[in-house]
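My questions all concern the structure below.
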Amino acid sequence: MSAAWTNIATSAHSLLERLPLLARDFTTDWLPESARWLANSLITIATVVVAFASLFALLTIVERKVLARVQNRPGPNRVGIPFTKIKLFGLGQPLADGIKMLTKEDIVPRAADQVLHFLAPVALLAFSILTFAVIPFGRQLVPLELDAGVLYFFAAGAATELAVFMAGWASHNKYSLLAAMRALAQLISYELPLLLSIVPVVMLAGSLSTVGIVEKQAGWTWGFVPHWHVFTPWGAAGFAIFFVAALAESNRSPFDRPEAESELIAGHLTEYSGFKYALFFMAEYFGMCALCGMGVTLFLGGWQAPLPFLEIIPSYFWFAAKLLTLLFVFMWIRATLPRLRIDQLTRLAWKFLVPLALINLGVAVFWALTADWTGAIRAIRWIVAGALIVGPFVLIGRKLSSGIAPRTYRYAT
Amino acid sequence: METTDQLRDRLLARFPGAEISVVTNPGPAAQHSLLLSPSPARDIAVFLRDDPALRLDYCSNVTGIDWPTLGCLEVVYHLYSMALKHGPVILRLRTTNRTDAVTLPSLTPVWRACEFQEREVFDLYGIVFTEHPDLRRILMWDEFKDHPMRKDYVEPDDYEWEPTPHGGVLEKAKRHYPAAPVAGVADPGPASASPATKP
Amino acid sequence: MLGSGLLQGLAVTAKNLVGSFHDPARLTTVEYPEQRTKLPEAYRNFPFLVSENATDPMGTLRCVACQICEKECPPQCIYIEKSKDKKPDATGRPQLYPTVFDIDTSVCMSCQICVEVCPFDAIKMDQVFEIATTDRFTALLLDREQLAKPNDYYHTIHPTEAAEVDARLAAERKAAAEKAAAAAAKAAAAKPAAVAGLGEAGAPGSSTPATTKPPAA
Amino acid sequence: MSDFATTLPTGITEPDRDELRRQGILLTSLEEFYNWGRSNSVWPLQFGLACCAIEMIAASMARFDIARFGSEVFRPSPRQADLLIVSGTVTKKMAPQVVRLWNQMPEPKYCIAMGACAISGGPFKQGYNVLKGIDRFIPVDIYIPGCPPRPEALLHGLMTLQEKIRGQKLTGPDAPRHLRADTTCDYPVPEFGEHDLEPPANSAVWQAPTMMRKEKGQA
Amino acid sequence: MIASGLQTTGAHVREVHDDFHGDLLEVSMGPHHPSTHGVFRMQVTLDGETIVKLKPVFGYLHRNHEKLGENTSYLGSMPYTDRLDYLNSMTNNWAYALAVEKLAGQPVPERAEYLRIILAELTRLLNHTCLAGFLLQDSGASGTPLMYAFREREKILDLFESLSGSRMMCNFQRFGGCRTDASPEWLAAAKKLTDGYGAFLDEYERLITGNEILMARTQGVGVLKPDLAISAGITGPMLRATGVDYDLRKVDAYGFYSRFAFRVPLGDHGDTYDRYMIRVLEMRESIEILQQAFRDLPAGPIMDPKAKLRGFRPKTGEAYGRIEGPKGEIGFYLISDGTPNPYRYRVRPPSLINLTVLEDLCLGHTVADAVIILGSIDIVLGEVDR
């Protein structure tokens, strides 16, 4: 009897798990074999774009609400369903913003490079969407299973820098230009620690495929500590570096230098209005989602459930939960921290994150070489690896923050 | 700190040729001031700043004043000492007239604090400070020609809707009233919707 | 260690984020227009003219068109025209009254000086602020009909102050009435026949009390 | 729809509009949808002039929270802003910049004159460098009197603006400025003259009624 | 902002001057710029991102305060002083009242002096709190510190409103006293706020003061040397951050400040961080003063009975009265010719004079630094341009 129940539960679970795929196959079933592949791809693309576009809409309102809550106020809460008095916690706000953005006049400065001015937001959005292709959203749910998925992701992601510079240059505004140069400096600086932080993952997983990396993180030690990379010394350090670099790459506070509104008005977006501005906005959120998704994939076990019994919940749910958590942390940080200056920002990248990432690489090598250590000696492995990370962190950190300290003050007599 | 009269005597002893007189303040504040002739003013200012008994290192306030009755423009400096924590010593400089001879020595080389304030006096009163490092208009735009704080300044007549005029404003407003005067406040035509026609 | 200050800051914001869901001190929003803060009694925004009652506001304005407020108003946003005739005020004493009393709320800075200088307690500060409008010329120039508000309204917005004013006015009127009665009696004693009729008709306020004498404008 | 006003600035009342909605005219629905969208997403320009700017900031802070209306997104660039809140005294030296900013904003755009100074020059009206109301150069949608208006008054002004937007017809003579061919969204910027701005007012925007006061010779 | 870079030439089309080509980049920051605290303009010449020249441009909020003051009665100028430094109307009122009282020889009752001190110190709390918020806003924190600052500001404004009737434009002081008396309930509420203010400062400092990013942004940035500060007439917290001990509350001991025990914090570096921290420490001292004032507040009249409201005509003479405002020395110089209006009405604006050294502070730093240096000088344009 119980076996039967288990059977049913398992099949229900696998049904849920494969529901998106089944739905897709069901839709395209009637097509001839040759067209089916194309249709399946189109459906996948449409699903990803629609899902993330809705997520973008949701995120804008959630971000505004999180910011508001941190600041002791409720945030947007009056705009609900059109033509009704239903306020729905202000969830109608993105719709209203969207309508307005779409219908707003589009201004192109006369001196601007008309073509580039138009192309910049399109290119940015296109590259951001491309990065979603290799992220495994769930078990078997990856739009494009590439052997070199990680490589592809960062290649496509790096192209967004070009679009930002295009925008700044094409606008022909001094603030935009300054911002674009800042953006370039920042993105190039942080590309390096970002990549260095994922090298250990690739090395230890022995795969450049995102799917492969997630599958490597399956299983639990002692039945409750997941084998996620973040739960190793090199993984934790790598994740921290990745996270900081991701903040910078997606131009989020405290690295929102290019957009620095207290200095550069709206940075490279200064001359963009209406729908083009909305595209930029959307692309930035897409970029942020993609980076967070990659972070989840590489370090947080992708779609793996945190505990064995929780596997009953479909994998794509876990991916979404982890993604949203990371996004929330992004918002939380934005709500708290002031911004770094551009030279401090690049210094942080080159003098702090890059050395640490390189040291972390060494730690990962040590970790790989000591993979067969068992028993009490495992503890030594942990201690050595931890010391190798914490020691340099403290030393380099002290060097970085030399001359910066809280002060004591005297009083007039 | 010594009194204004003592200070004047000491200054006269130090600067024999200078004309220095005390302007008494009849009011209860009794803050008397020293009227200096323009030419030795900067030397006197340096002396006041550096004299060990005075050390007036802090120029708090620079004021321009227009005296049409005296036929001159005046600048007043309020000096204090941050080192010895006393003051004020008040200096006055007067121009020869209000039209063409309006130059005075700038005290900005002595106290940086005068920089913007002297520019302001130049802008609003038209006193030209010699050797001021950057004597431009500060509050009004560069193309502006008048010196609006002078007592005889006439404002541009940018009349608009003045529903509550009296005194000088009424006089100005009346210049813009249509030719045919109507008794009372009523006004025919386009203003029929305006409150002017309300009972 | 590097980063401890940042973590402290994050802790503070997290505390506020969580606190906003249960601690009223960390969710301080007053959701206007559904909720409103209680305006303090002293709050002032734009003047109004006090009339003794609501039924005949124009007839019972306390204002006697002395034009002090017009003269003292720093931005000069009051315009008054005196009447040619006199009307009896609340106490029955004949007084001038304003035929035009306009306040330009597009200029008024609610400084309260008109209230302070008014010897008749005729102009007081209102508390309305929801007066945004699309039309500048007709909506922002208030005439005496729009400005006149009854004393009861004054009592609702500034209860303490209004009670004081009422008590003071009542005392003044009483003193004035007594003085007038005394004067009338004295006059009657001196010249009984001639003034008797007048004394009866104008007894409450035929002689102006010194405290409320309108100075020359 | 907000509860606070039953009569819209254009004279359409809520029941009227319900009736129109019931008739299911497509244009009306589109119009309403469009108006709903833009009225609920009014992003102000981050632009403060004087005292009123502090109250404007206060209105966006926790106590009053303009975010509830979706308007806390103070955009620093005029390109992304919908609403110019002229919050304070516009001096003659500043007026050309304000007009320029207004010109840089994309349509549909709205202007709120917040406080006495922005409406008429306010208490500083008689000053030689003070512009007697920003409506001499740019069209103002909402006037909020007060010196400074309370933050609630600004919120009330914003709601009045939203009501005005909701009541706008998209076609016909009452259509908003940006949908009519005969109007421009570009306003001439005044020049600095030797004594005053040139011109001192834009006669295409500024038509004040004449109001005559007689000499007070009586009594 | 874009004002100087862009000229509007026609509908939908905008033109930009083509002056990118060259070694130095001229950027005009303001008069509309998000972080110039109003309509202030900095004409900045940049070499890369480094400032090689910076010229402040004023006058965008020149509201002819002094001219209006000469055309209005003494009392009529009082509400205008509210609008000078519109964050601190109470101290402006006091400075003006002090100058007029000096001019007319008008005594002030004891209770009124105490009340003035209470209101001035509350104003100092309010101003410094706002400054800390705005400074953080300028350095890029997305509103949170400013929101916390304004949360507390609202509480102080509630007090001002229930006492004077207006949130910002208090118009509260009169020549010879204060306009209305503070009720016991008001005093209790003010005391409660004062007692709780320390906790707020603790929270705020936890959020900000130890923050490495803020320290990196502010320490060593915009160093002001004491000699230059004195010569340039810098006053207020900005002066004391350079280590010069000059606080008018101690030097002039106006009001009854000599009866209060409080300390004057001094900085050693004169940089942006010191300017911020001195203000935080001053707030803590203000709390001390307030607590002493609530304890010692005497009973008595609030207004000198001989003081005249209307027809106020001081004898011929002149007076310069000054107090330690939150931003520095705010002074009024009045000349009376015996008429109801002052012959000359001059405001000594601390904000304007503190800006004298802006260029010296900013040279060699980046635009980002210029923004927070400007923020730390603490200007209010209503006072700079008057």
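Chains here go by letter, A, B, C, D and E, matching the order in which they are written, and residues are numbered from 1 within each.
In this section, a residue touches a chain if its C-beta (ideal position, glycine included) is under 8 Å from a C-beta of that chain, and two chains touch if they have at least 3 such contacts.
Predicted model, so just to flag it, every value in this text is computed and none were measured.
Among the remaining chains, those touching chain B and also chain E are C, D. Compared with chain E, the chain whose C-alpha mean position is the greatest distance off is A. Here the spacing of chain B and chain D, counted between their Cα centres, is 38 Å. The geometric centre of chain A is 62 Å away from that of chain B, both derived from CA atoms. Our note on geometry: chain D versus chain E, Cα centroid distance of 30 Å, whole angstroms.
Those residues of chain C in touch with two or more other chains are numbered 2-3, 6, 9, 12-13, 16, 27-29, 31, 74, 76, 79, 104, 107, 109-111, 137.
Residues of chain B in contact with two or more other chains: 139-141, 148, 161, 163, 165-166, 169, 185, 193-195. Residue positions of chain A touching 2 or more other chains: 70-74, 105, 107, 261, 265, 270, 335-337, 401. Pairs of chains that satisfy the touch definition comprise A-C, A-D, A-E, B-C, B-D, B-E, C-D, C-E, D-E. Of all residues in chain D, those touching chain B in their complex are 92-93, 120, 126, 128-129, 132-133, 136, 192-197, 200-201, 206-216. Looking at the complex, you find that chain E touches chain A at residues 1-2, 5-6, 9, 12-16, 18, 20, 25, 27, 33-35, 49, 136-144, 147-148, 151, 207, 209-217, 219-220, 245, 247, 250, 263-269, 273-274, 277-278, 281, 366-369, 371. Those residues of chain E whose C-beta lies close enough to touch chain C in the complex are 72-73, 75-80, 82, 144, 148, 151, 154, 158, 161-166, 169, 171, 179-180, 203, 206-215, 309-310.
Residues of chain D that touch chain A in their complex: 1, 21, 32-34, 36-41, 46, 61-62, 65, 67-70, 72-73, 75-77, 79-80, 82, 104, 106-108, 178, 185. Within the complex formed with chain B, the residues of chain E that make contact are 58-59, 62, 64, 66-67, 102-105, 228, 230-234, 244, 246, 251, 314-320, 322, 329, 331, 333, 335-336, 344, 346, 348, 352-353, 355-357, 385.
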